[in-house]
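Chain nomenclature is as follows: A, B, C and D, assigned in order of appearance, with residue numbering initiated at 1 for each chain independently.
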Amino acid sequence: MQYLFTGMAMALIGGFLAYVFRMQLGFPNQHVPGFGLVTPGKYNALVTMHGSIMIFWVAMPILIAAFGNFLIPLMIGADDMAFPRINRLSYQIFLLSALVLLASFLVKGGAFGGAWTSYPPLSAKGAYNLTPIGASLWLVAVALEFVAFLLGGINFTVTTMNSRAPGMKMYDIPMVIWMIVLASIIFMASAGPLIAGAVMLLFDQTMATGFYDPNRGGDPLLWEHLFWFFGHPEVYVVLLPAMGIVAEILAVFARKKLFGYKTMLYTAWATGVLSFVVWAHHQFVAGIDPRMANIFSVTTLLISIPIAEMVFLYIATLYGGSIRLKTPMLWALAFIAEFLIGGVTGIFLGASGTDIYLHDTYFVIAHFHYTFVPIAIISVFAGITFWYPKMFGRMLNDTLGKIHFWGTVIAFNVIFIPLFITGAAGDQRRVYSYSQFQEQMVPALRHLRTTSTVALLVMLSFQVFFLINFFWSLRHGERAVANPWKSTTLEWTVPSPPPHGNFAELPTVYRGAYEYGLPGRDTDYWPQDAPN
Amino acid sequence: MSTAAAKPIANTRSATGIPSAKLITWWVIASEIVIFGGLLVIYIMHRLGHPEWGAEAAHTNTLAGALNTFVLLTSSLCAVLAHKAADAHDGPRAAKLLRFTALGGLIFLCIKGFEWTTDIHEGFVLSSGGFWSYYYTIAGLHGLHVLAGMIIMLIVAADAAKNQELQRVECIGLYWHFVDIVWIFLFPLLYIAR
Amino acid sequence: MEHTTAESHVHHPNYVKIWAILVVLLIVSVLGSMSSIRGVVLAAAFGVAVVKAYLVAKNFMHINVEKRWVPYLLIVCLAFMVILFAAVSPDVMRHSGLHWENNAAKQAVESGMKNAPAKHE
Amino acid sequence: MLQRYLTGASTYAHSIDHLFLLIAVLVGFWLIVAECVLFWLIFKFREKDGVPTQHITGDEKHLVKWITIPHFLVIICDIVILVPAIMVWYNIKQFVPPIDQTVRVFGQQWAWSFQQPGPDGILDTADDIRTVGELHVTVNTTYRFELMSRDVIHSFAVPSFRLKQDALPGRTITGWFRPNRVGTYDIQCTQMCGVGHGLMAGRVIVETQQDHAAWMIRESNPATAGQQTAPVAPPDGSSSATVAEVRR
């Protein structure tokens, strides 16, 4: 819960940052309401913080930590995490990291403005980035955040491995739990080198070492490698839990068993392993040896296969179902529809040839927002609307939910489809104003940028519906029964909200998680803990 | 077990057959492997790329390194003997051995401190060149792990003396052995290799 | 915690003997480092290190009696590190490649080699 | 396809554009198919009272083939994309055609500066022409560029040439381009390089032989070389050392 609210608060901040710099891009060099004039330095800080916050302090805490903390004990039929104290510690460290990051807005020189990738030497020398304190704070915050999620992730993994209800076999574990655990493991295995690298960068900043300083035997390229060795698996760290949430919702609202549960699992594993060998596709033109680029181009297209297969399985799950288009289901379906776009546009960038041109253009921005928005926004809304009854014991208002849904999703597409075009036309990232570039100042592109900005305003304004719905329902929503969606998984067998210790007496599991529409039963669903 | 009542059932379950405490230790070790592994991989590739570092490595005090290895090996022995004692439900003995282990850690840190002071007196500090940066960073990170291990170990020993939480004796032992193994590799990497 | 102790009732080898072996190995590696032939030094140092690590892992950490997947887990983590090395070293370890050249590093090596003997006492 | 958005002004622009088009067609087709299937299923299997859901485990042969067939098609498409992609990459980044001219490109906070041989056609001679922000090249000439950075990581990108390469401090990265269309084109820095990143612009001016010769005379003649500007001094000493040894 704490994670959820912290994450939402950070999301609001991240959204505000996005609003400010989109305003700057849409209406260059004008006074932005609620912020003021956007100077180049401020602009850099804005984009940097937007990226960092949205990934490290929104996507990860909500998708992994919030849902993990809430769902894992409930869904595996345990009364708590295996190590509640470690769990609390991990949250405290996380909160600290968030505060450190926010503090960097206030220090002299302002927040760090060297992009969320924080490449040295720019990030290493105050003389270059002009925000020495901000840079160090950013680094410390990220390091703390990593520690928090190492602890949390390991705790999730152990809990799921050891504390399952009697009778729950590997393949009876609900998909979302599998995905969260898998994500934790991927994170654990990929973050290490970057933690070491972050310490080195911190020394470069504060103790005048030369780990990344080319003039003193260091190598800036090293950081890029370390960063992306973590940074690419990170994409799947947030993707997999989102996929898991969507899987749950699809099964429940299509009243269907997941199509090929095991295959889904294997593809997830394959993705996890492959994600460790694709990172350099972020660096095709970054000065790595051109021959390496070919290898990474191959692996990158390889990883498209398990992901594509996964999406096919999701779509196939709908076949033969009886689909109820409640708000959570709308979000889940929107996830698939939008994520497909994000996935296929990735091919352009994974193919080294086109990446030469598209690298670091708005095409990239549009691409990864088409993956990250479904992950961090759409699937999160799906999850919240789906588990809200269980979390707070009240139902959300479906009408408000649907208004919010349509407003958000349509606006989202209007934001980012123009950016595909501006990117293809050569708009580069992180440029605060295109006044210097004749080719980018043609009216057509200017209008596209403005369109996208306006759409962002629309999207943000529609979030008001969500907030109203969320907080209004906390008090006045109709009371939720134990199992409002007629779902099979264990969390729905306890009253909403679950009491302390979750289960009156701990359940025993008899079957897999998705037994819907079995012929010859009076109900169309068969809970996991029902003896017969 | 007196404190067991306070624990959630989740903590006492063991679907894998490995008790949770030991399982989490293994996972922690796995993540530590990645952290130290990453750092060492970086160091090795720089070392191979920079033959001139060999000359600077010559300044490190091989004898002190060897002595430290010996100390750590001995403390590891104490740790594993403590585990044996714990299996025999002999809490006090386990506690005694654990305290010996922690003492070993202390000696290790003292030797390291002496070594670093001499290095610094010779004018080799964190920022005086590639090799020294890595030398202090890696050894420092390892030293931190030793320190953390010692603290946890003393806490565990305090419980063990009262015959409580004996399963933790093995876990801290595992961690300590891992720290030992890391040093076993650091010793040739930082001291011997020229 | 009955199941704990019951589970971890591993056969306890003679730890002191293993410790003795480890110490001997340590001495070997130190003596090896005295040798003037670089090959011998490295072989002694790292060969011994691997053996020592194996002994500690097997006998002190009882990794051999642990559940099968535990060593596998650790090995996989190591494998990722190998991948990291394999993919990064072409750019970082080597100082020139196809259409690129790391002048700074090369210069560092040159100057370093030049005044390296001076640093010896 | 990209041509519609931005003119291609170098010899390999069109090969990248063709690759882009190929990928667009392939993935576009699959995207549309997938979305259609998705929405068709949503429509077909929407809730109807009296219609029970089917119990499908996903192991049924006749259904699994609807996964495996697209699965293999995806693999085939990947290969169809991969081969030309790597060929394009090879031709641009690995293979080097015979070089007519060499030009040095320096990135620094926050400007591009260039060094190219004067009338004698040799680099590192007295008559080298140094310019800031403007690179004058001759059309239909193959240029080899040596890319260096004086402080932080920059990225030398000429969108119209479909050219992009990061400049790393301490390294010299070489590449080539062959402009094939007269005109003035943007140079952008595409790697976050500090406060002035968004303003770090430059121009490539592609000229005919005569114009370029005229420009060169103008530049190399001290009297008329009014706009000749020496590269701005880098922000701190350390990077000037880099420059010094880079110039060696």
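One rule holds in what follows: a residue touches a chain if its C-beta (ideal position, glycine included) is under 8 Å from a C-beta of that chain, and two chains touch if they have at least 3 such contacts.
The structure displayed is predicted, hence computed values, not measured ones.
Enquirer: For this structure, which two chains have more C-beta pairs in contact than any other pair?
Expert: A-D
Enquirer: Approximately how many whole Å separate the CA-defined centres of chain A and chain C?
Expert: 37
Enquirer: Which integer distance in Å separates the CA centroid of chain B from that of chain D?
Expert: Computed from C-alpha means, the inter-chain centre distance equals 48 Å.
Enquirer: From the mean C-alpha coordinate of chain B to that of chain C, what's the distance rounded to whole Å?
Expert: 15
Enquirer: Just give me the whole-number Å value for how far the CA centre of chain C lies from that of chain D.
Expert: A distance of 42 Å separates the two centres.
Enquirer: On chain B, where are the residues touching two or more other chains?
Expert: As it turns out, chain B has residues touching two or more other chains at 14, 16, 18-19, 30, 33-34, 37-38, 41-42, 46, 50, 130.
Enquirer: Do you know which chain C residues sit against two or more other chains?
Expert: Chain C, residues with two or more chain partners: 77, 80-81, 84, 88, 92, 98-100, 102, 104-105, 108, 112.
Enquirer: For chain A, give me the residues that contact two or more of the other chains.
Expert: 189-190, 193, 214-217, 219, 221-222, 287, 290-291
Enquirer: Which of the chains touch, listed as pairs?
Expert: Per the contact definition above, the touching pairs are A-B, A-C, A-D, B-C, C-D.
Enquirer: State the interface residues of chain C toward chain B in the complex, per the touch definition above.
Expert: Listed in rising order, the residues are 1, 3-5, 7-10, 12, 15-16, 19, 22-23, 26, 29-30, 32-33, 38, 41-42, 44-46, 48-49, 52-53, 56-57, 59-61, 66-67, 70, 73-74, 77-78, 80-81, 84-85, 88-89, 92-95, 105, 108-109, 111-113, 116-117, 119-120.
Enquirer: Would you tell me which residues of chain A are touching chain B in their complex?
Expert: Checking each residue of chain A against chain B gives 73, 78-84, 86, 150, 154-155, 157-159, 161-164, 168, 188-197, 199-200, 203, 207-211, 216-219, 222, 226, 501, 506.
Enquirer: Mind listing the chain D positions that touch chain C in their complex?
Expert: Residues 93-94, 96, 169-175, 242, 245-246 of chain D touch chain C in their complex.
Enquirer: In the complex formed with chain D, which residues of chain A make contact?
Expert: 40-41, 43-44, 113-115, 117, 119, 121-122, 125, 127-130, 213-215, 219-221, 254-261, 263, 284-287, 290-291, 293-294, 297-298, 301-302, 304-305, 308-309, 311-313, 315-316, 318-325, 333, 336-337, 340-341, 344-345, 347-348, 351-354, 356-357, 359-361, 421, 424-426, 428-433, 436-440, 516-519, 524
Enquirer: Which positions of chain A touch chain C when the two form their complex?
Expert: 189-190, 193, 214-217, 219, 221-222, 225, 229, 276-277, 279-280, 287-292, 295-296
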